[in-house]
Every structure is written in C-alpha cells, then in structure tokens.
Amino acid sequence: MKPLVVDKLSRNFGGLQALDKVSLSMEAGERRAILGPNGAGKSTLFHQISGLDRPTEGRVFLFGQDVTAMSAHRRPALGLARTFQITHLFPKLSLVKNLLLALQGLHRTKFSMMRPMMSYRPMFTRAEELLDQWQLLDKREVAVQDLSYGEQRQVEIMLAMAQQPRLLLLDEPTAGLSPAETMSAVNLIRTLPREVSILLIEHDMDVAFELVEMVTVLHAGKVIADGPCGEVRGSALVQEIYLGKKAEKSRGQESA
Amino acid sequence: MNIWAIQILNGISYGMLLFLLAAGLTLTFGLMKIINLTHGSYFLLGGYVGLSVERLTGSFLLALVAGSAAVGILAVLTQRFLLNRFLKDEMAQILITFGLLFLFGDLALWAWGGSTQTIPKPSLLAGSIPMGGLTFPVYRLAVVAVGVITALFLWWFQEGTRIGAMVRAAVDDAEIAQTLGVNVPLLMTGVFAVGAMLAAAAGVLGGPVLGLFPGADFDVLLLAFVVVVVGGLGSLGGAFVGALVVGLLDTFTRVFFPEFSYFAIFAPMAIILMVRPGGLVQR
Amino acid sequence: MKRFALISLIATSILLLALPAVLPGYYLGLVIRMLIFAIFAMSLDLLMGYTGLPSLGHSAFLGVAAYAVGIVSLRVSNNLFLTLGAGLGLASITAALFGFLVLRSRGPQFLILTLSLAQVLWGVAFKWKSLTGGDDGMPGIPKPDPGLPWDLAGTTEFYYFALLLFLVAATLMYMIVRSPFGCTLEGIRENEARMRALGYNVWLHQYIAFVLAGVFGGLAGVLSAYYNGFVSPAELHLATSAKGLLMVALGGAGTLFGPALGAAIVVLLENILSSYTQRWLTILGAIYVLVVLFTPEGLWRWIRKGLGRWLPT
C-alpha cells in the first residue's frame, strides 16, 4: 500500500498560490527528498500532509485513506510522524518528559489521571533506550530549553522517531547543525527500519542524496521534476535553479 | 419617535466615547501586544483631573488639556518603567495593569471621594438645537463630532503620514522596522501616550453626561475591551464599528431592557467571538 | 513521593489538625477562608499553570456553586449531600457549557471571553432579584447539615469540615497533575502544534481540564457560601477572578501548592491591611505589581531552590 499519495493539491493564500496542483506518490519503504528554493512550497506541502492546514483543492491519501478532511491529531494514528523546520519541543519540560509525551501519544494512558506518570515503567525504559541511542541519557532531567541548538534539533527528530511511524516527514532535519552533528543525525536516520518511508525536506543536497533514492523538485508551488536522484540531478532545468545555490555552497566550503 | 431619536443620539455619542477609549487600547495591543487593563484608570483619572481643573479655572477646554496631559505623563511613566520589560509576558502585563487599576482607583477614591460627580458642560455647548421637529442637546452632538473628527484624524495619520507608516511597519514586524531605522521604542511610547490621552479625553468629555464615580474605571474598561476584541485587536476601523455597536446596544438596553443590559452586551459579544475568534475586522 | 516531602506533608497535616487547639475563633475563621481560596487558586492553576489557559472568568464556577448552595439550602433542603451535589453539579454544567464556547480562542481573546461569560453570570445574579436576591444577595444560609450526629455550626467543627474538603481536593488535584493526563496538559501548554503532531486530541484534553477546574472551583464556592452564610454577586465579579490570578501568580503558576500558599498570603494580607488602613486596595494593587517585578516565577519556585527536598512539587 502506498504510504502517501498527493493528488493535484493546491493551496491558495488569498492571491498567493503556495501550491499549484502538486501531485506525488510514494511506495512503501521509499526514501524521497523534496527539494526547491525558499518559498517553493515545501513546508506548506508538509503542513497539508500532516493536517495542520487544508488545501484549497486536491486530496491527500495516507496508506490508502483519504485524509484531506481529517484533523491533524488523528493522522499519527495512521502511522504518520513529522518534524518541524523551527524546533517544536516542550521547552520547560525535561528531556525525558518530552520523550514520554512522544511515546504516550497514541496510547490510552494519556487520559489516565489516577496513577503517577512515574509508575509506567515500560515507557520510561523505552525513553531511556532512545536517549541512550542518541547519547543524551545524561541530559534526561535537563529542561529542553537549556539544551544546545544542535541537541534540540536532534530531540526534534527523536520525538518523531519515538512514535514508530510508517511514514516520517522530516522538515530540514539538519538545519543549523554542525558537520559532526549532521553526520550523527544522518547515521541515526539511516538506522530506521527499511519499512519506514521517509519524506525529507532538505537544503543540503549532499545530505539529501545520501538518504534518498527519489526526488521531487518544487518551484513556486509547482512540481518541476520528479524521479530517481541521478535523473533529477542531471536535469538541466533543476541545475539552472540550483546553479546559484551550488556556486554559493562551494564558495562557502572554501572559506570554511 | 422622539425617544428613539434621542436614544440613537445618546447611543452614538456614547459610542464615540467608547471609540476614544478603544482606539488607544487597540493600538496598544496591535503595536505592542500589551494587554493594558489600566486603561480604565486613564479614563477615570483624566475625568477627575479635568473636574478639578474646571473647578479651579472654570474652563472646560483647560480641563480637557490638563486631564489628557496628566494622564499622558502617567502612562508614559508606567510604560517606560514597568510595562516595557514584559513585552512578551502576557501574565505579567495582566497582573501589573490590573494592580495599577486597583491602585489608581483607590487613590482616586481617596482624593475625590465616593459620590458621583459631574463636570459642568461648557456654556457654549450647553443648549439644545431644534432639528426636524425634535430638540437635541448640543453637547452630545459635539461629542459625536469630536469622535468622528478624531477617527478621521487617526485614520489619516495611520494611512497617510510617514509616522503612521512607521507605526504600521512596526506592528507588522518590529525587528525589521528597527533595522530600517524606525525608532521603535520611541514609537511605542508615543502610541501608548496617545492612547492614554484619548482615554483621558473621553473621561473629561464624558464627565458632563456619564459622571465620574468609583467603579467607572471597571465599567468602562470592560466595555472598551468588548469593543476592541469584537472589532478586532489592532484595527482602528474595527474599533470604530465595534464602539458604535456597543454604544447603541448598551444605551438601548439600559433604557428598554434594564434587567438584561449586561447580558445584552456580553452575550452578542461572546457569540461573535465564538464564531469569529479574531474579531469582526481581522488583521 | 520523596521521603522529605512526605515528612513535611505529615508535619503540615498535623499542624493543620491541631490548629483549633491553639487559635482563637477569629483566626481560625481566617484559616478557613485561606482553605477556601486555596482550593479556588489550585483549581485555577490546573487550568492556567498546567494547561496554559489563563482565565479571567474563574469566579463563574465559585459563584454558581455558591448560589446553588444558597438557593437549595434556603428553599429546598439543607441536607449537605444535596447542596454539595447541587453546587458541584451546577459548577460542572457551567464549565461543560462554557468550555464549548471558550476553547476556540487563546490568549487575549480567551481572557475576554472567559471574563465576559463570568460577567454575564454576574449580571444575571445582579438583576434576577427573585431568584438570587439581586444586589442584596442571599443572607441567612445555615451551616450545612450532614445528616449525621455532629453538626457543623461551631467554628471548630466547620474548620474540620473545610479542612477535610481541602485535603480531598488537594490530593485529587495532586494526583491529576502527576498523572499522564497532567503531563499531557503540560505538553499542551508548552507546544500545542507538537502535541497534535504526536496524536493528541488537544481540544479534548483542554476541555476535560476546563471542566475539572470548574468542578474544583465550585467546591470552593460551596464552602464559601456555607462559611459566609451569605452569597452575593461579588462572588461572580471580575475582581474575584483577578484575585485568583494574583494568588496563582504569587505562589507560582504550574506548581499546584504554590497557588495554595499564594491564597493564604493574599487572604492574610487583605485581612491585616484592611484593619490598618482604608487604603488597602492601593496596597493590594501595589502588591500585584511587586509580585511581577520580584517573584515572576512565584514564591513556591523560589522556596524550592533552597528547600526543594521538602516540597512535593
């Protein structure tokens, strides 16, 4: 079953056409990147898929189900998880509490009022396992707002992975990370089971191409290229759009 | 017919007073995202200061100027020294401005006493004008005129002047406006002061017809907030429309359904907010 | 619970139980008022501190419950279980209804909406003379009749009654905030969008929190009506809601027991101040400002820095 089908999705913001008949579909286990310059509509597309926003036209299907009208909070139950471009964590809560909330999201215990949170040992163990995987176990009682930016971005991804999704949307997961942190994040994303489909927004093309096989390129709300990495990479149109970016990037690397 | 016409005039003139109050409140919130509950105090203090000045000098005009100036200074002091530090903290703003509301209200009680007092109308505007077979009090017509002129002036200022453009820019994005050379802190203090002075002016103008008494600050604050939230936070146009609606509603219900006047104001307001949480005129 | 915290809890309980032996009637009455407002403040903290929804209309629940007690005890029967049921029942219905209306908005709109709904009730209480006595209020509410061998007419007896209800309420609210549901509320307070992305029905949790806060607020109202023997529209006024806000801020939003402490302090201050000066409102107003300037996080957190081990939250 296809984890994601987007069918002629359009989103108009009072005159501004943010998305224009965007269509794409993913196969199970597929890893795909959404590329495109700023303002191309990438995050808007994510908001449509995750349900934080509704389209003006078109439909979204998750695992065969038409979710276009479905509220955002019901979509994770279908197997969807996402990260946000601007870190969306629970700032004043401790790291371990952040994870517990992610683990608890789809369980009935979230309504339980009578037993203390502490008594749910299996969830705690799982949270600590995850923290250990990301080498953050010693920071578990630290309020997330006191973590470094890089650590916070890692937690952003951790929360999504804790949901054990079947489809994971990653919105610029490595934005603002140091090269070492980027590598660590990439490696951890790679550890996800093959069955998990990943849709990735990335500015860093090298990171993107390391993680995915398929690419969709957006420009001004329209899909201008769609296919396997090599093909899209070689496309003249795409190169033209990214030429400026590539030149910038190599200049950046020289001075770094 | 007679009663209706008079009440409509009363409602509109009351609405204009509410507009003066609400204009300051909505600009303050729109620009600084500050919830200022002390606004009711500005009305009351402005009125009381005007009352004293009128007693001393016999001049209504002087009263108006003095009331506005005194409150303007007070407002600038509170903004500069208290509120400026809590621009992002809603709770702090509510508590501080509420505390000041209590504080000023009690000090006013101490200074001016507990009985209702009115400011005498200026002799020029004390009479009545016959129009279309009915007689209308000149004063209320004058209040309406003042309200409309102020509204037009504010509108022109916001849309047509450079400073107005700076205010609008700062409302949209204070950081960027600052980098473009707009002195945002000065602008904020300015807007705050103007808002407070408008409220004070409303207190003086309302003095002859509404009276000044302990608790008026609360009453007027509530209504001003209703106007602002219904009209849309930050929208002058919304405040104007909202003020007219609330002014008319309040006046009519007090006259015809005194049992339900509170209900008549707050219930429609609650309904509007439930249907359009951003207010009638959303930014 | 941590061992030290347990010790201080037991010590406090013993102190509270022994109080009637050491305090004369007047001061005991003051402590009763503190307990009533402690329940009120804690219930507001549930909504404000934990769920992140500061409300200026919490007096609505205290007020309707107080009026329910007044109306039932004076006109139907003074049986405690009946009046308690009526008070809590009306408070929960009010909360259930208001919850539907207010949860579409946030921030300033939420404040105004909650404020106005409470003011509407105030207006109703004020005007509907035949039901509520209007501005004169409802005097002469007898002490509750639990239908048991003991009556609650004496201050000491009433104190233990209030203390019992306070302890029950505090325990229940404590359990709620420590539970997964409580943790969920904090998550919602910190980041609604993220909670939705994790699969939480944010509205539902907020609604449940709103109703719970309303029920506990109503409990304070029941006690208030019985203690004062009197209900008036003042119970529903904005000033009461604002006082609750102050108590929560003074004690520390999101700490549960901080607001209880805040309530005790505000009740004490009001009492002391009003007997010394006519200008106690001025001072109270100044206190609002000073609290924000000097204890922005609240007293409880400040105390916790030094004495954290001894505190349960």
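The letters A, B and C name the chains in turn, as written, and every chain counts its residues from 1.
Basically, a contact is a pair of C-beta atoms (placed from the backbone, for glycine too) under 8 Å apart; a residue touches a chain by one contact, two chains touch by 3 or more.
Here the structure is a predicted model, which is why all the values come from computation and not from measurement.
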item: Centroid-based (C-alpha) most distant chain relative to chain C; value: A
item: Most centrally placed chain, judged by C-alpha centres; value: C
item: Centroid distance [mean C-alpha coordinates] between chain C and chain B, Å; value: 33
item: Distance between chain centroids, defined by C-alpha means - chain A, chain C (Å); value: 43
item: Inter-centroid spacing, chain B versus chain A (mean Cα positions, whole Å); value: 48
item: Contact set on chain B toward chain C in their complex; value: 29, 35, 82, 86, 89-92, 94-96, 98-107, 110, 218, 222, 225-226, 229, 233, 258-263, 266-267, 269-270, 273-274, 277-279
item: Chain C-facing residues of chain A, complex; value: 50-52, 71-77, 81-82, 84, 88-93, 97, 100-102, 104-106, 109-118, 120, 159, 163
item: Partner chain B, residues of chain C touching it in the complex; value: 54, 56, 101, 104-105, 107-109, 111-113, 115-117, 119-120, 122-124, 126-128, 238, 242, 245-246, 249, 253, 278-279, 281-282, 284-289, 291-293, 296
item: Chain C residues within the chain A interface of the complex; value: 175-176, 178-184, 186-187, 190-191, 193-202, 205, 208
